[in-house]
Amino acid sequence: MKIRPLFDRVVVEEEKEDTTKSGIFLGAVSNADSIHVGKVLYVGPGNQNDDGEMTKMFVNVGDKVLFNKFSCAEACIDKKHLLIMRQTDILAVIE
Amino acid sequence: MKIRPLFDRVVVEEEKEDTTKSGIFLGAVSNADSIHVGKVLYVGPGNQNDDGEMTKMFVNVGDKVLFNKFSCAEACIDKKHLLIMRQTDILAVIE
Amino acid sequence: MKIRPLFDRVVVEEEKEDTTKSGIFLGAVSNADSIHVGKVLYVGPGNQNDDGEMTKMFVNVGDKVLFNKFSCAEACIDKKHLLIMRQTDILAVIE
Amino acid sequence: MKIRPLFDRVVVEEEKEDTTKSGIFLGAVSNADSIHVGKVLYVGPGNQNDDGEMTKMFVNVGDKVLFNKFSCAEACIDKKHLLIMRQTDILAVIE
Amino acid sequence: MKIRPLFDRVVVEEEKEDTTKSGIFLGAVSNADSIHVGKVLYVGPGNQNDDGEMTKMFVNVGDKVLFNKFSCAEACIDKKHLLIMRQTDILAVIE
Amino acid sequence: MKIRPLFDRVVVEEEKEDTTKSGIFLGAVSNADSIHVGKVLYVGPGNQNDDGEMTKMFVNVGDKVLFNKFSCAEACIDKKHLLIMRQTDILAVIE
Amino acid sequence: MKIRPLFDRVVVEEEKEDTTKSGIFLGAVSNADSIHVGKVLYVGPGNQNDDGEMTKMFVNVGDKVLFNKFSCAEACIDKKHLLIMRQTDILAVIE
């Protein structure tokens, strides 16, 4: 099974309290809009602008990304906890 | 009876807890904006842009799609549970 | 008496639980934004764009349409239960 | 005294339960956004677009119009119950 | 002391229940968004559009204007009850 | 220490009930959106438009300005009570 | 580990009540939208406009900036208290 995101959407698998794999520790901040970390699994083709061209995507499959969940849709698909968000809702890439 | 959606709208029949047919298991996530799965029954012609051209549709009849219900209209028509949504509210296509 | 809608507005007469006339059964869905069915009585000329041209109307008098009431104005005029909505709020045409 | 509305605003005198004069009966619909009827007293010059031209007005003094009060300002001026609304908030003209 | 409003703002001195001076009677309407009357004291230069030109102002110092207070800022300056509003929030000029 | 505001922001030092210095008396108006007076300390370079040009600033350092606090950020910096606001939120200049 | 912000985002490390390092004292103002101070750690490439060009960034790594937290995402990453915000949400640079 493969997921093809529409427009500039990105499918991300959240990594919960996984310090080892990504080397990042996301400590608790008492804030409703706190940051989460995940890995990009699928990347959409971009949005079509008024001239019919597709806008550029700035993240790639495999990228480790920071995001908040405010505008994410989430589901458990094939036993993975996946989030679907727009590229513009990704805050940063961890390199 | 045939339904002709206006603009970029898409008519989707929801598949509820149907692991077998689509091979997808959508497990419970304690989230109001969780993801649903369905099959595309009808596709609109697209929106007309300022130059009078129709924008492109990226889903086809028969596609298995992921969506959330936030901006859907829903009804039971001819004993089918149908949802009408804009193409931009479809998150991804399952291939 | 004749009603001339302004801009892209459409006057629709709602059909309530009328399975016979339209051949559509709209069963109950426990949802605030459920779909209704009606017949188009009057169609506006479209919106004027920045170049002074009128945008195209995609529904015609007599069309059977699906809509939700979220952005409708409604009244009882000459003993008919009428709704006035923008074309963009019509979900689909039943053919 | 004369009222000169600014931009695309229109001054309307509401007709309350006056079946005889306008020949329209607006029956009660249990809806917060129900439709009202009135007569146009003054019409503004239109909005100025980015090229400095005035947009067209589609209603005339004397027109019988349908509107809802959602975005109206209202006052009793010289013993008349007047409403000031934008042209785009007028739903339809009765002919 | 002189007040120079920025952009398309207008400084208005409210006239409260002053039937004699302006010849207008604003009777009570049980409505939160009711209309007020006042005299224009200062007029801004207009907004600068994308081409660097100033948009036109349609009211003049001394004009008797109708407005509602929804988007007004108000203060008592030099013992006058003044309101500062954008031109687009002025409903009409009384002539 | 110097503050360089970004975009069209302006740093203002509020003058509280200081009739003597500015010659303005701002009396109490029972209104949540009442007007305040202050002196401009720093002015940003303007916003960059789509052609890469900076939009014009209409206030200068030293200007006495009227503003409301609705969209201000405020802080006590170096014992001064400062507010940072966008130019478009300044209502008027006192001359 | 390096953080690459997307679009016009900026990663800032907050300085809490640190008068000595930055020479700024941010005293308490009883205001929900009060100003905070921090140091810029990473700067994104800018937003891509409709012509495919990147908009200009006006802050640099190492800048001491004033901001409010209204539209920030925050997290504790590698034991640092970091905030990710859009450039347009930075109020000013301290020089």
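Here the chain labels run A, B, C, D, E, F and G in written order, and each chain numbers its own residues starting at 1.
What we mean here is this: contacts are C-beta pairs under 8 Å (C-beta built on N, C-alpha and C of every residue); 3 or more make two chains touch, one makes a residue touch a chain.
Since the model is a prediction, treat every value here as computed from it, not as a measurement.
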{"item": "Shortest walk length in steps over touching chains, chain A through to chain D", "value": "3"}
{"item": "Mean-CA-position distance for chain F and chain B (Å)", "value": "49"}
{"item": "Centroid spacing, where centroids are CA-atom means, of chain A and chain F in whole angstrom", "value": "39"}
{"item": "Chain E-chain F separation of Cα centroids, rounded to whole Å", "value": "22"}
{"item": "Set of chain C residues in contact with two or more other chains", "value": "50"}
{"item": "Ring walk, chain A to chain G and onward", "value": "A, G, F, E, D, C, B"}
{"item": "In the complex, chain A residues that touch chain G", "value": "23-29, 31, 33-35, 49-50, 55-56, 58-59, 66, 68, 87-88, 90-95"}
{"item": "Contact set on chain A toward chain B in their complex", "value": "1-7, 9, 11, 42, 44, 48, 50, 52, 72-79, 81-82, 84"}
